[in-house]
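Scroll down for the structure; my scribbles are underneath it.
Residue numbering begins at 1 within each chain, and the chains themselves are lettered A, B, C and D in the order written.
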Amino acid sequence: MDTYETVLEMRGITKVFPGVVANDAINFDLRKGEVHALLGENGAGKSTLMGILSGVYQPTEGSIVLEGAPVRFDSARDAIHNGIGMVYQHFMLVPKLTVAENIMLGIKRPKEPLLQIDKASEQIVAFARTYGMDLDPEQKVASLTVGQQQRVEIVKALFRGAKILVLDEPTAVLTPKEIQELFSMIKMLTDQNFSVIFISHKIDEVIEISNRISVLRRGKLEATINNEGVSKEELAGLMVGRDVSFCVEKTPCCPGDSVLALEGVGLKDREGRPLLKDVNFEVHEGEIFGVAGVDGNGQDELLEVITGLRSASEGSVCIVGQEVLGKSPRQILEMGLAHIPADRQARGLVLSMDIKENFIINDYYRSPHSKRDIISWPFVRKHTKENIERFDVRTSSIDTPVSTLSGGNQQKLILARELHGKPVLLAAMHATRGLDVGAIEYVHQRILEQRAAGTAVLYISTELEELMSFSDRIAVMFRGEIMGIVRPEEVTIDQIGLMMAGSIT
Amino acid sequence: MNRRLNTILVQCVSITVAFALGAVVIKMIGISPLFAYGALLNGSFGSINAIGETLVKMTPLILTGLSYAFAARAGLINIGAEGQLYVGGILATLVGSNFAGLPMIIHVPFAVAAAFAGGAVWGGLVGLLKVKFGANEIITTVMLNYIAIYLVSFLVTGPMKAPPGTMPESRPIVDSAQLVRILPGTRLHIGIFIALLALLFYYFFIFKMRQGYEMRVVGNNMESARAAGMRPQRTMVLAMLLAGGMGGLAGGVEILGIQGRLLQSFSPGYGFDGIAVALVGVNNPVGIVLGALLFGFLRAGGNRMQLIAQVPVSVIYVVQGLVITFVIIGQNLHVFQKVGVNRPFRRKTGDGPAPEVL
Amino acid sequence: MELLSYLLATDLRMAAPILIAALGLLFMEKSGVVNIGCEGMMLFGTFFGVFFARLSGSPWIGLLFAGMTGMVIGLFFAFIVVTLRANQIVTGIALNIIAQGATSTLNRLIFGVSSQAANAPGFEVVPIPLLSKIPVIGDSLFNQMGPIYLALLLVPLIRWFMMKTTMGLKIRAVGEHPHSADTAGINVRSVRYGSILAGSFLVGAAGGFLSLGILSLFSENMVSGRGYIALAVIIFGKWNSWGVLAAALVFGLGDAVQIKMQTAGSSIPYQFLMMLPYILTILALSGFVGKAESPAASGKPFRNDEL
Amino acid sequence: MKKGLLLLLAVLLFPIVSFAEGQKEGESSDQLKVAALLPGPINDGGWNTNMYDSLKFMEKELGAKIAYTERTPASDYEEIFRGYAASGYNIVFGHGFEFGEPAEKVAKEFPDVTFIITSTSISQPPNLGSFLVDDFQCGFVQGAVAAILSKSGIVGYVGGMEIPPIVNQSKGFVAGAKYVDKSIDAKALLTGSFEDIAKAKEMSKSLIAEGADILVADADESNHGVIEAVEEAGALVIGSSGDIYETVPDARDVILTSMTENMPKGLTVLAKSVADGTFEAKNYIIGLHDGAVALAPFRDKASLVSADQQAQIDKIIQDLKDGTIDLNQYK
C-alpha cells in the first residue's frame, strides 16, 4: 500500500440533539483523490455528520482537521471557504433564478459589488467545459431536469473552489443512465485529485463507486473497510447490525379474482407532458404486486390515480369491478382501499395532533365514530386503544401528539389505521423507508398477513431486493410506462435494473 | 402541563413589562402612574358599573377573537374581523330598524342572525377568493376592512340616512330589536350571553364536531386531509364563513346593544383587538375569554384613566400596543432556548399551520 | 391639455409618498418580509421629519432623520420578526397601534397643545430649466419638489440594484428560497435585517415627505391609510419597481381624479372612489389583473436548524 | 426558570410603584366642575380647539374645574357621560350633534347634572339643553364676503366630514355667494375627513387651479392643508368657527378674515346660567344677532376692500341681524 495524503479528518465527532445522540464519537477520514462512501440507513446519522462538516451544525464534541490544520465551521460559509462542497439530496437551488445566478449566489467578491452576469456566465460555461459539462447559464433552474439540476449543483460547488465534494444520496432521484453519467463524472473528478464523500444507503452503488466504505448505524461508526471484495451481505450486516437474509418467509401465493384492474391509464401534466402512459395491470386477491422503478418515474402519479387524489386523463381504473375514475378519494376509501402513502409525515399523519385523532382520520365522519356530525370520543378512545395495542404502537397514552413518536411507531400507527378493518385493496408506497430493521420486518409481516387474508396488495418501492423477495409479481416502471411485469423467481435483479433503465426485456 | 403553566407565567411577565413601560410614558406626561393605573383598575373593576363596562367591552372582543381563532384553526390568518364587524352592523341595523312591531322574541334573534349572515358573507368572500383564485387572505381581509368602513360611511350619509336627513346616522333600532340591559345602572346587555354562547359553540364545534375536526386537520396538514378524503377547499370556505359570522355578530351586538343605530366608524377597533385577544389566548376558548378580559379591562379602564387621571387617549393606545408587542415577544422567546427539536433534520412536511403570507 | 397637465401634477404629488413607502416595502418583500406596520412607520417618519426640520431649519435634514427614525423602528421590527421569528402580520398591527399613540403623545409633549399645528420648513418646488417648459408634461414632471425627482430616480436604481448587484441577488434568493441561500453561505438573517433597515429608511422618509413635502406640518394620524395603500401598490405592481411606480401612479390618479370630479361637481359618492384602490388590489390578487406572484418564502420566519 | 420569571415580575413592578406619589386634588365642594366630550383631538385648530378654549375660558372666568375626553369612541359616549356625571361634574358638554342621543339617556339618570350638546337643536327638560351656532348663517356671510371681494368670480369652500354643521355651512356659503351675484361660481367641496390634510390641500389647489381666488376653510385639522395651499398658490382664505388670524399667525399674509363664533363666550354664559340656576333646558341658537358670531376685521387686508364693498358687506350682515334677509327661503 503506497502512502495516502489525508485531506480531511473528523475526530471523535459527537452530536447530541435533545433526546437523541445523532453521532457518537465518530472518526472519519478522507484521502486525496478517493471516493469514500458513507453507508447507512436513513437516520443512521449520515446527514448529521455531513451537517457538521458543512457548518450547519456544530459538534457537541470532537474536532475537524483539514489538511493537517484543525478547523472550526460556524456556518456554511466557513465550510465553503475551506473547500468543502455539499450537494444535498434536496437540491439547494432557487428555482426562479437562472443557472448563472444560482452559481454566483453567495460567492464573495468584495472588489466587485456588481454581478456582471454576462461575464460570470462566460466564466461558468468555460469552467464547466473543463469538466466536460454543458450548461445553459441563461436558463431558469425550474425548467431543468433533475439530472441537469444535480450537475448545476456540482458545478456550483466546484466553482466555489471545492476540493472535497460531498454527495448526499445523489442517485435517489436519477435513472440508471443518469447514475452512470454521474459515476463517470465522479471518476473524472477523483482523477483530478478531488476527493468525494458519497453518502448512500444503496449497497450496490457504494460497492461500484467507492474506494473505501464507512458504515454508520444508530449514530455509531460500525467499520471503515477498503472496497476490495466486500460482499453485499457483509455490508448489509454491518448496516443493520446483524446478518439478514434478503428473503422473507412467505407461503406460496394463491391469487384469487382480480381486485384492482387498470386499463390504458394515461395522465398528462399541465404542459401536456405524459406522466403515465397506457398503464395496464391487474392485482388479485391474496397477491402482492410490486412496482419497481427509480423515484419519479410515475409511481407517485400511479398511486394518486388509484387513490383518487388525481384523476387520470384516459383509461379506466376498477376496484372489484367498480370504476373509480371520477370518484372522490373518500368514495374510493369506502370501497375498501387502504392507503400507506410514500411520505408518512407529509401525507399520512397530522404530526401536531394526537394519536386517537390521527387514528380516526378516515372514519371520523361515519357511525359509530360519529353520530349526526358529532364525534363520539368515548368510542374513538376505546377503538383506538384496542387497535394500537393490536399493532403494538409504543406510546404512553393515545393523547400524545404523533410528532413525539419514533418513525417506526408512526408507521405502525398508519398500519393500525389502514389495516384494522379488512381492506380489499392495500396500496402502499415506500412502506419501509427510513425504518430500522425491526420495524421493517414488522411491516412486512403485517402486509403478508393481509395477503394471507386475501387482500390484494399493491406495493411500490425503489428497493429492488425488498421487492424481489417480497412480491409475487413485479411491474417495472420507466417514464410513466410499465416496461414489463415479471415474476421475481424468473428474473435477476440485473434484468430488472435494465428495465428500470428503459430497455424492454 | 408544566409547560402550560410556564406559558401562562411568561404571558403575565410580558404583560407586566408592557405596563411597566406604559408607566414610564405616563410619568413622562407628568401624571403619577400609580394614580393612573389606580383609575384603570377602578374604571374596570372598581364598581358594579365598572365591571359592567368591562363586560360590555368584552362582548365584541370575545366575538372578534373567535373570528380570528376560527380561521386560524383552518390555517388561515383573518385580519378582517373589523370589516366583518361593520358589515354585520349594517345588516343588524337593516333588520333592527325596520319590522317595528315584531315581538322581541322573534325580532332580536332575527337581527342577530342577520348580523351573523352579513359577516359570514364578508368572510366567506375571502374564503372563496382564496380557494378559487389563490388570493392571499391576509391582504384581501385588510382591503375588505377599508371597503366595509367606506361602505358604512356611504350608507349612513346616503341610502340609510335617517330622515329628516341632516345627520350621518341610520334610523334608530326599534325597541323590539334592542338587546335588553340586564344590570341596572350599567350598559351590560344580553349580548354578553350571545358572546358566551358563541364561545361555547366554538369549543363544541372545534373539538366535538366532525367539521371542526376537519378544520384542525386541514389547518395542520392539508395533504393528509386530502389523502383522508376531506375537501380542504370547502373546509377553508366554511372556516371563513364562521369566522366572518363571528365578526358580524360582534358588530350586531354592538349596534343592537350599545349604539342603537348605525354610525360612521362605530367600532373603536374591536376587530384588530380581536387578533390580539386570540393571540394572547392561543385560540383556546378559555384563553380567548382571558384575552378579551385583558383588552376589555384596558378599554373600560382606559376611559376612566382619561376621565379621572386625565391621561390622554394617545397614551392608552401606547399601552395597548405595548401589551400586544410584549405578548408576541413573550410567546417567541423560546427561540433562545433550543427545545423540541427531537428529530435532528426536520424535513419540510405540511406539518403545523404555517400560513404563508402574500 | 390644461386638465391633463393638472392631473399629472396632482397625481405625481399624491403618488410620491406612496411610491417611496412602497419602494421601501419592496426591499422587505423581496427578502421575504411582510410589513403591515408600514402605516405606523410612516407616522413616526411624519413626526420626526417635522421635528428635525424645525431643529435644523432644513427639510432635507428633516427627511434624513425621518428615514433614520424609520430605521430605528425597523430594527425593533426586525428583532421581533427575524430574530424572534414572530408572526409578521400581528407585529405590524401592534406597531401601528403604538405609532398612533406615541406620535400623538410626543406631539403634545414637545409642541404642546395649541391650535397652531407643529409646522416646519417644507420643500420648495425646483423647476428643472428647459425641461419644465415642455408643454403638458413639462410643468407636471419637471416642476416638482426635489424628493419627487429622487423618488423617480430610485425606481430604476432599485430595479438595477435588485437585478444587477450581488447584494440584490442575495436578497432575491433569501426571499425565494432561504435554505438554498443559507447553504450557499449567505447569512439569511443579516440579509433580512439589512433589507428591513434599508426599507424602513425609505418608509420613514416617505412619512417625512408627507409632512414636509405634501404639507409642511405634523398633525395626528395624518398618514390616514397611505401605508396600507403602499402595501397594495406592491402587489398591484407585482414586486417590480417599475410596476410599483405604475401602481402608485394609478392609485395617485384615483385621488387626483376624485378631487377633480368633486371640483367639477360630480355626483358619485366619494366613498366609492376611496374604495377603488382596495378593490383593485383584491382584483389583482385574484388574478383578474394578471396574477401577482409573491416571493416564495414571503412572510415565513427562517430557522436554519431544519433542512 | 420559573423562579427567574417571578423575580423578573417583581423587578418590573418596581417602576410602576416607584413613580407613585399622591396626586394633589384641589377639591372644594362648591367649585363648579365642567367636563366635555370631544369627537377629535383638542389641537385640531377648529371645532375641538374651540371647545378646549371654552373650557379654559370657564376655568379662568368661573374658576371651574375642567376635564375632557378626546377622540371619544362612539361606543362609549353614553358611558363617559355617565362617568363624568357620576364623579360629581355639574355640567357635561357633548361637543357635536352625535352626542345628543346618549346624553338624553344619561340625563334622565342624573337630574341634577346639566348636559349641553353643541351643534344640534335638541332639548329635554329639566337638565338637557343644546347650543347651536347658526352654521348656515355663517356660511352665508362667508359666501357673500367671498363673492363681493372675488376678482375671478370663482370662490370655493373646503369642508371636512359630511356632517350637519359642515353641510349647512357649505349650503349657506353657496346661498350667500349667489345672493350677492347670481353669476358667481361658488364651489363647495368636502374632503370626507378631518384628518386627511394632504387631501384638503390638494382640493384647495385644484379649486385655485380652477380659478378660485378666495377659499373658505371649514375642515378643522384639515384647515392647515387649505391654508398651505392658499399660501403656495397665492389666494386668500376665510376662516371658520374661530379667528385664524389669531390661531394661525404664520399665515396672516393670506388670511382675509374669519367667521368668529365666540363659542367660549357663549358657552361660558351658559355655564354661568347653570351655576346661578337660570339655565333653561332649551336650544340656544347663537348667530349674528347676539354678537356671539361675527365677521372678524380685515386687518392687513383692509386695503383690498373698497368703501362700497365694505358698505355692501355691512348691509348684508345688518339685514341678517334684523331678519330682513330670511335665510329659510334658501335652506
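Please note the rule applied: contacts are C-beta pairs under 8 Å (C-beta built on N, C-alpha and C of every residue); 3 or more make two chains touch, one makes a residue touch a chain.
Fair warning: this is a prediction, and the values are worked out from it, not measured in the lab.
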{"item": "Reaching subunit D from subunit C through chains that touch each other, fewest steps", "value": "1"}
{"item": "Intersection of contact partners for subunit A and subunit C", "value": "B"}
{"item": "Chain of greatest Cα-centre distance to subunit C", "value": "A"}
{"item": "Inter-chain centre distance, subunit B versus subunit C - centres from mean C-alpha coordinates, in Å", "value": "29"}
{"item": "Whole-Å separation of chain centres (CA-atom averages), subunit B against subunit D", "value": "34"}
{"item": "Interchain centroid distance [CA atoms averaged], subunit A/subunit B, Å", "value": "45"}
{"item": "Centroid spacing, where centroids are CA-atom means, of subunit A and subunit D in whole angstrom", "value": "75"}
{"item": "Sequence positions of subunit A contacting 2 or more other chains", "value": "47, 51, 57, 90"}
{"item": "Contacts with 2+ other chains: residues of subunit D", "value": "192"}
{"item": "Where subunit B touches two or more other chains at once, by residue number", "value": "153, 157, 312-313, 338, 341, 345, 347-348"}
{"item": "Chain pairs that touch, as defined at the top of this document", "value": "A-B, A-C, B-C, B-D, C-D"}
{"item": "Contact footprint of subunit A on subunit C as seen in their complex", "value": "163-170, 172-173, 176-177, 179-187, 296, 304-305, 307"}
{"item": "Parts of subunit D lying in touch with subunit C, wherever the complex brings them together", "value": "41-46, 49, 52, 187, 189-190, 192-193, 195-199, 201-203, 205-207, 209-210, 221, 224-225, 228, 242, 247-250"}
{"item": "Subunit B residues within the subunit C interface of the complex", "value": "25, 28-29, 77, 79, 129, 132-136, 138-140, 142-144, 146-147, 150-151, 153-154, 157-158, 272, 275-276, 279, 312-322, 324-325, 328-329, 331-333, 335, 338, 341, 345-348, 354, 356-358"}
{"item": "Complex interface listing, subunit B residues touching subunit A", "value": "208-211, 213-214, 216-217, 220-221, 223-231, 338-345, 347-352"}
{"item": "Contact set on subunit B toward subunit D in their complex", "value": "5-6, 9-10, 12-13, 16-17, 19-20, 23-24, 26-27, 31-35, 37, 43, 49, 53, 56, 153, 157, 166-169, 172, 185, 187, 254, 258-261, 263-268, 303-304, 306-310, 312-313"}
